[in-house]
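Below are the structure tokens for one structure; questions will follow.
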């Protein structure tokens, strides 16, 4: 099998060359730009799609490329240290502005700060918030959420609810998304939301956690993470 | 019950007894003149103004209304209505009845013109109050020089600082610079203020202008009828700001706020009450700005003994809006 | 059958059955490290028990069988993919002969005189497993995967066979045992007399064809995930899928073992093993050498997998039919000419 | 009288003299923000929000720029006047007013029920400023329940006095007054009063802010969730135009829809709260079979129940079958009813009127309401000087029934005939299409129905009617139907479906259509629109009407109505108050 080294584009060659190229193509010598078969140095292919000019058949065996590829992967295998973190033993620090699960904040007396205005519900693009409004049992406000549910499976953690809240009652903590084995567990009710950012998580994000690397968590004004 | 009110009611009763009021007076059948009791309810000042000839006279609220253009044609209950000041009515007999001149109206008019200036003839009862030795009502010809008037009222031992020439809603004037002002309609207009009710309030150098303004505004906040928005909200707001400045808790931007709210209130209300409470604000700040700034800077009233912004006094305005 | 032969069978079986789990672990680890990850770390030290966990998972998974599946063939598929490949190991010598007392024990289950042909015959049977599995699933992806797989394996078997023909021609025997023994000499005093030096072209063709036979990257067309979901085993779940999985690794092991025996001197390594010594120690060392060689080839399998991209199917076919087969034929002719000369 | 020609923002406008600039502007699509102005009320001019710049021609005929803005609501139009609504003078004036309004207004929009439909929010957003210079303490005013329907939040009040004027001019009760003065100015109940007037709910509608809110809907929903469906109030023969506000298929409130010829801007509290029966716990959600003589029976699917009814009708034969329609059925349903049962052995059941005595319009007492003559001049009043009318007839479509089934079929005598026939044992099967809330059948009727062997009742809720039945079909409430009602004065108006029927309930149209099909009658189309088309063609009283024409606010009167206007008996508010005190409504 012999093929012209630099097959020219059909329109630029003479009749003889054209017929030779056509003959070569007809003889079925069209082949494979890659690899293993032609180690002996036999010319092996006439690609049907013409290769870019200026590349010899030796180059088109791509042996050098294969070898260098193997070398590179081998170098990775032997020399380079993995750069992954060993989650969950090792956790990267969260940005203080990371948006994880919600918390429903309470005041000094443990009452929800939420006044059930439903602005978060209105702002929510995934419609994951469900609030049942009722007259509040306390004299200093009129309405409060009798039920407050967030469907964490629907939530996209966009933080719009936090932006919409007029009384800082809902907040997205850096606590990452939890995993459960049943769907019901993903629907957080009011009690769960109120206690969704417990002490150990707060310590964790303020640098108190063992394998935490990176700068400790600091909220704006120092009290962002506090339940207030 | 105020003395003036008692006298008014007494005079009306007397007129009824003598047959000058009531049905068929002067023996003419069908010539009825009735005088209603003035409303005893504490009507706000604004309701008593000229435009207070309200179709709501019989309704509960004494509030001015956007009045017809001419009450004398169509006023109360759609009838011709004339509302006049007591002073006007009191002078009528002197002028038209020629009272004391033998019932000659011409003579009365001539007598009236013999007083006062060309454009403002006649007499005016000036109610001079404040820092003069003999405060009281002085009936003087229009156009009397302010300085003469104050000397007439006895003068004062300390230098004067300011005068409000035409009732509390008139713009304030600085003394002694304005002692030569002619106390008539035109002269005061030239001086940038007005004759108004001719209530002359004189203040000497011991008077704090801020405190005086606060006093005025407290009055206006109380007297606003509350019908239309700029006056209802503006009077209370201005009072609170000036109270704060007087207590030494003011801020420099408060002065701009005061002038701004005055701008926004003037000319936007049904009656002229907005002007009434805004003109003192504007003139006091214009003429005595350094005194306001001293209050704010020193955080106390410079004219009172001791700092007024004592610790423990409640911070005004925390958390508003 | 002597007790020794039974022991050898058991031993080889044990070794062979442990290679796929090890491969799985190694595959995942090597892949991970090449990609800058850690790979399995949670199950056992260094994640060594990961294959066990995988096995437990596969065994406990629900078996889902498509409604339209051709049941008998569907069940046979995984078996055919696994068993013949494993059987081929019977003729591969795992080490030098071992004399215990009076008995000479061959570390080989059966020394067939037609060993190479036996290997070829059995490995080509595996294509049935794939074709059955693909066709009987009654699903388009497996069907396409099975079709591709049969076409590919049939194509490359020719090249593979022709490469072996050249080796047979130069070795003059079809017994793997004899071939291995023939490679224990030294050439020119320093070069092992391995067939790879006599038949480099055949070795290369065999290597490439072995990749294709095992459906390994860069020739894993039958299960190209991007196009065919899972190829012929798309509809398999649980341990049936596990059998396919196992079959692939066993087939790789067999191919490596055959290749070591045919081209890389089998259990011999000059200087370490002595072909004339039949002591137990020498036999064990030779077995270890064999296993290391196999492991090295298996590593090469993995290494290539995580280095090279997948071929297109037409490229694959073109390479097989237009390059490898002519080349192998030419190689046979050249070998024949040398033999005549 | 000649019209006055003037210009607003450069647009040439003609208006009759006496028109206020604000009205003229709104009529011509130029929006001028306003709070205290309401078209149905007298002009107060106290919010100062509608200030515009008015330029009048001077002596020389040239327009002179205004020194200060005027309020558009109290400025009468004048020849050659030029009104500008967007000059810097006006913009600044609006900003000023909004700043003043907001200084004492609490920022409690999140908990305010008005949020979302609040003029203060809207105007602040559009015309106001984003900040306030107010740094002082806000004034605190009282919050209290004015009456059973209305709660007052003094802090939110902007003292526009619309509510006060409403009680003076429309309701005539003068229940609400402004007390205190200055910044402490606040709305309160007149001494000794309770705001339980039957029109009290309207002050919630006219309150531009959240000061007066509905106790019925307090904290229940946020208005931006509500879907609005135009419809007709069914609770009396007035046929007030309303909007049904629903969220997730639950009706949350009814609001009046402006129709100057029916209800103006208003509706009464009976109608306003008259949606509760839609979600009543006693609501029928499935079809039942409860034979008199046997123990079995139970729930049935729709097709089965229709088969059962058809079987009963066939068994009874034409002579033994009577059908009763209620005055709550739509015209389309009545038309199908007539096609199915004819006009002979049918009768009409209806809720009894408010009271035995019929009242005539007594509202609009000009002694108490000095602005009334002016309103009459402007054509704001309904006939006879009444500001609003509640019909004594508590059924929405008696007129329609009379037109379709005939006067005789709807007369009480026919019902008596049915009762007599039933008690005499001549009736084998009775079909009752009731679907009326709070309907208590009179004692003879209940006895008669119980005496009929097969009684089929289509109704909304479990009650005496459903109790007397052998077959109960769950029907649809008025908010779940499309169709038309013809009100007491002969005006045909369209109601729209605001929510689907709950459970297995079906509209009467579906029931009648399925029944007719089951009986083998040619039923034709089932859509209300096409049935109305048939009705227009077949019944003379509906001739000339069109489905589109009777929709929404189109002021189309039926020719029948135009030829013979009927006087509608209405009630005095005092009587209604007494009735409500007795627990009616």
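The letters A, B, C and D name the chains in turn, as written, and every chain counts its residues from 1.
The rule is simple: contacts are C-beta pairs under 8 Å (C-beta built on N, C-alpha and C of every residue); 3 or more make two chains touch, one makes a residue touch a chain.
Computed from a predicted structure; not experimentally measured.
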Of all chain pairs, the one with the most contacts is B-D
Dist(centroid_CA(chain B), centroid_CA(chain C)) in Å evaluates to 113
At what distance in angstrom does the C-alpha mean of chain B lie from that of chain A? 75
When the centre of a chain is set as the mean of its C-alpha atoms, what distance in Å lies between chain A and chain D? 55
Whole-Å distance, C-alpha centre of chain B to that of chain D, is 52
Draw the chains as points, connect those that touch, then say whether the picture is a line, ring, star, complete or other. line
Every chain pair meeting the contact rule: A-C, A-D, B-D
Along chain A, where are the residues that touch chain D in the complex? 115-119, 121-122, 133-135, 141-143, 166-167
Can you check the complex and tell me which residues of chain B touch chain D? 44, 55, 60-61, 65-66, 77, 221-230, 232-237, 240-241, 244, 251, 253, 257, 260-261, 263-270, 316-321
Mind listing the chain C positions that touch chain A in their complex? 30, 32-38, 41, 200-201, 204-205, 207-208, 218, 303-304, 306-308, 311, 315, 318-319, 322-324, 326-327, 330
Give every residue of chain D touching chain B within the complex, in rising order. 43, 45-49, 51, 67-69, 71, 74, 92-93, 95-97, 99-104, 107, 132-139, 158-159, 177-178, 180-185, 370
Enumerate the contact residues on chain D facing chain A in the complex. 109-111, 115, 218-220, 222, 224-225
